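Down below are the structures I want you to see.
Both of the next two complexes hold chain A, though its partner changes from chain B to chain C.
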Partner chain A sequence: MAKVTPAERAEAAPAEAAPSLLRRALALSTLGPLIALLIAVAFFTARSDRFLTGGNLSLVVQQVMVVGTLAIGQTLVILTAGIDLSNGAVMALGNVVIAKLAVDSGMNPLLAIAVGLLVCAAFGAFNGSLVTGLRLPPFIVTLGTLNIAFALTHIYSNDQTISNLPSALTFFGNTFTVGGTDITYGTVLMLVLYVVAWYVLRQTAAGRHVYAVGNNPEAARLTGIQTRRLLLGVYTTAGLIYGIAALLLIARTSVGDPQAGATDNLDSITAVVLGGTSLFGGRGSVIGTLLGALIVGIVRNGLQLLGVRSIYQVLITGILVILAVAVDQLARRRQAK
Partner chain B sequence: MTQAAATATPATRERPTPILEARGLVKRYGQVTALDGCDFELLPNEIHAVIGDNGAGKSTLIKALSGALIPDEGQILLDGQPVRFHGPLDARRHGIETVYQDLAVAPALNIADNLFLGREVRRRGPLGSLLRMLDHGRMVAESRRHMQDLKIGIRSMNQAVETLSGGQRQGVAVARSAAFARHVVIMDEPTAALGVKETHMVLDLIRKVRDRGLPVILISHNMPNVFEVADRVHIQRLGRRVAVISPHDFSMSDAVAIMTGAMAGEEVASD
Partner chain C sequence: MWIGALVALALLAAACAGRSSSGGSSGEQVQVGLITKTETNPFFVKMKEGATKEAQAKGAKLLTAAGKFDGDNASQVTAIENMVAAGVKGILITPSDTKAIVPAVTKARDKGVVVIALDTPTDPQSAVDALFATNNYNAGLLIGKYAKAAMDSKPAKIATLDLAPGITVGILRHNGFLTGYGAANVDQNATQLATSPQVVCSQDTQGDQAKGQTAMENCLQKSPDINLVYTINEPAALGAYNALKAAGKEKSVMIVSVDGGCTGVQAIVDGKIAATSQQYPLKMATVGVDAVVDFAKTGKKATGYTDTGVTLITDKAQPGVPSKDTKFGLANCWG
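Here is the complex of A and B:
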């Protein structure tokens, strides 16, 4: 060892770097979802002329916009080894609150949006305080708040769909044109949220703490991380993101709909799981979730173009989820050996 | 640490100021008295082992020293100054780091992330202060330096801790403590979860930490380990310190006899 000269060491370094770069790429949790996405794109491109067009792809992104946004919050919660069953219902509540305040109460649309976001964030904080304060399992807490939010939505809206919304509420449904393709502001907002979430998780201390708390809460606590405060922050942030999803839902449907979001909780979990994030917490990435949401969107859209009945899209989504988790587990077991 | 380097071996009669000292600690849990006027003394530049039977108050003593509990009575002095720890974080702020037996690392995070967990370094300038961006490069470089200081041969700091052996993982925990401790490193059963070969690796690490000028408190059930590395051995019995012996002057069976009360501790206190 002592005889290695600096020059020799410099020579050895690049040779070492190449395989480690490859190994790092292979270890990347987003690699699997990315390959799956590319296979799906290649398959549908070969089978349908209408698939790989700007208009169609823009449509796919619009279709995944709401669930994709919910899935950002879901990813944060799942990374802490939690789960959030309430997100669709919380979004529906936010959706109805915004619409009803703006239409029935004649509130300034921007103020109505602010109140809606606040209601959703408060619901997230409620989830978080039950999880950290009473130390209840997140599954049970959010199963409870799912029903509470669902009931509140129907009580508040009187089961009525709210229409004739002011145009300010549907701003994110407006489009701009790039190279002949119409793109909604909502999809841009969703992508911006993904970038922000990626940045916070990868590049800030708070993000590293989210992973640590999900991976080994006791170790995180012993290193001085305020685990309860962090969890409360994660659930509250997730709630705020559900509020933004509510706004995007309004933009997409142009109504306040108390029936909305009924299966969106499971769809958001599907996106997270397809994206390679572990349900046991501490592993995964929000970029994977975006890929997961796009996989679902592309498979549904592609099958539609091929004229496959919609129920088969659900069937295939189910198979994909099991396949994704199975591949992930096998890869992990091999890595552990 | 210059002070530690200047002191003679712990066996000499003229004692330097203890780095960490406890006087007359009492801790009661209802009817049970876990600590009953317990003394403790850690000198500079030593590995100070704490042994005792189950229920002797060993872990209560360590919890008091690491700030995990507040004693009912008695005094703790750090560098001769009375201190009160209001929690483990408070003890850490005073430069006391603890390594736990159950490998308190986050397995999915890499080595650099684990070393700096809870103490992350941000970038300089607006990227760090405004955008709170972490300085990954610096943390990786410093991690490498800390690991090399202890001669833990791991190539990549970007490796997930779960890809390491148990001994290497404990190496990460020891390196973290050694990197951030200013006064004392407490090791609570650091080898309990490890095999024979890995245990020896960690014992070596403990010696290296001491040789770098940080005194170590070692809590262990494993007598051969204790007698292999300790400079002095604190024997705890019925909530008190009954003896402090040098492993050179006493055998393991003597230590066990004192621990169980078969031999009177006061007669053998080594000084």
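Here is the complex of A and C:
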């Protein structure tokens, strides 16, 4: 695990020649989480006959859809050696804005969604401009915007949950059937976002620049990358993705919920770290993040099926996070030698 | 690949830990789900204890889950889905967000699962099959009436240490208290905290002792002449007591509360709190489990609202306000 292979070095240094797409997807940093996921699946399949069914697996993906989507934005930010504590709060704000505009103000649902996405993207841009413009540490900036978004959510919603949403808002909660299994459109949207993010990060110049900036911002700047503009773009894109997560949250719960998302910032960081992305930036993959989010979801669902108290899921997640970070550290040390 | 091996180990350990508490195979056993607001609040710990005992007595298997914090709707939704997937006959839930939980409850009921709200009603209440709960408005009313009698026509400067914005339980208790005291006149259906000229300070405490203390300190800064404190629960009351004691006012200010946890009743014995409305989480859970097992056996679903009762606990009984002493309170407390 800790041994550095050419594949991993290729991730760290984008300029190096690329192996096949498949090998890239299965690069070492995603192999650990993949194995962990498969072990968990095998374990629960052996212990419960209700686990490995299409319906149940579809349910698990549905349950990780919101945090999974937030985690895409979080991955982008972490790859630049940043961190985003505000994503859950920004999502809650977007969630309430969309629901309240559509229900209380009678706005056209599509327009309400557009405004919600815009609000979230604006928050991302605000984070990004503070990080790049004033050169404030992302941890502090997003801690501040976490509180601002939280307060705005509660002020704007007057702490009331908004229900009776128009059906257009909950479209992504609707299902279609494949081979007898109900799948929600929202999970498809999340998976599409993952594929797009993966493609952009791996196959476009901008994506490779994200890794470069995360690895060594000074070197990246000297090679001609406009690091500030890139960072601003990353945070704004992340904000937009949080807006999409807000829409998925509405689809999942059918309400505008001002209390939502309170621990989703840490949950999304958990998914990113479990997925093998380095908190120090520059190394990792968005596919790993998806695996990380799925591990949390599968452990939660599986333990519930076995009748194990939910607190053990938290225990296991904690152990896994420490393991994942330890593995990342070891890998870095080997690499440094 | 030691990460994988450790995952397996962790899973095994958790599964074993879970087995010892749930026991037996899930073959033909009736499965009952219990979803509480949090894992750690003694109120819910007692509720779980009651449910576990009753499930064992009836030969049923209890699945449990909880939110990560009070107000955590997403975790409760996920727990409902997972329990339905596990094949439970019924789910007992203390909803964290009374409105937001409704769609998930409806989905579960559509799949033939009986859903019973414990402690906190959903909004609308008819979203669940049945509600087994304390009447929180009455709980507030009782301590309001008690405070009125105990104040003996002294003019009151009231501080209310409330729960959190928009949470029904907190609103009901607060409004019940003010109505019982005669400081305001609000009915059970009000969705906002009532105000009154006699209330000089209102702060949210999340029902937490440290936050209760901070809130009381701030209230004393604002109005040093506060002489009556209503608190959402006893941890908040004890926080308020600490603040009052630090200000040297603990003898001249009366604290009334709701809950009836063992720590709270002991605080009445110690003279820190004047009176509390005691509620009965263990009873809620017991009748809840019975209702689900009944449904599994007879197909008959529980319906409507069952008041699991409140009792005013105090050692300084007031004429015209029925109450029990702390001996009764300690014998029936939780936590």
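What we mean here is this: the second predicted complex is superposed on the first by the 302 of 337 C-alpha atoms of A that agree within 3 Å, B and C clash if a C-alpha of one lies under 4 Å from a C-alpha of the other, contacts with A are read in each partner's own complex, and residues count from 1 in each chain.
As a convention for this text, contacts are C-beta pairs under 8 Å (C-beta built on N, C-alpha and C of every residue); 3 or more make two chains touch, one makes a residue touch a chain.
The shown structure was predicted, so the numbers you read here are calculated from the model rather than taken from an experiment.
In the superposition on chain A, A:Y211 makes contact with chain B only, not with chain C.
Once the two structures are overlaid, the count of chain A residues touched is higher for C than for its counterpart among chain B and chain C.
In the superposition on chain A, contact is made by A:T223 with chain B only, not with chain C. Using the contact criterion defined above for the overlaid structures, shared-chain residue A:V178 touches neither chain B nor chain C, since it reaches no partner. Contacts of A:N301 after superposition: chain C is touched, whereas chain B is not reached.
Applying the stated contact rule after C-alpha superposition, one finds that A:Q203 touches chain B and leaves chain C untouched.
In the superposition on chain A, A:V192 contacts neither chain B nor chain C.
In the superposition on chain A, contact is made by A:R47 with chain C only, not with chain B.
According to the touch criterion, chain A has no shared surface contacted by chain B in one complex and chain C in the other. The touching residues of chain C, counted against chain A in their complex, run 1-4, 6-8, 10-12, 14-15, 17-19, 21-22, 26, 31, 39, 61-66, 68-69, 71-75, 77-79, 81-83, 85-87, 96-100, 102-104, 165-166, 191. Within the complex formed with chain B, the chain A residues making contact are 16, 20, 24, 27, 199, 203-206, 208-209, 211-212, 215-216, 218-220, 222-225, 282-283, 335-336.
The touching residues of chain A, counted against chain C in their complex, run 1, 32, 35-36, 39-40, 43, 47-48, 50, 55-56, 59, 62-63, 66, 154, 158-161, 163, 249, 252-255, 257-264, 299-301, 303-316, 319-320, 323-324, 327. Chain B makes touch with chain A in their complex at residues 88-89, 92, 98, 100, 102, 104-109, 113, 117-120, 122, 131-134, 155-156, 158, 160, 162-163.
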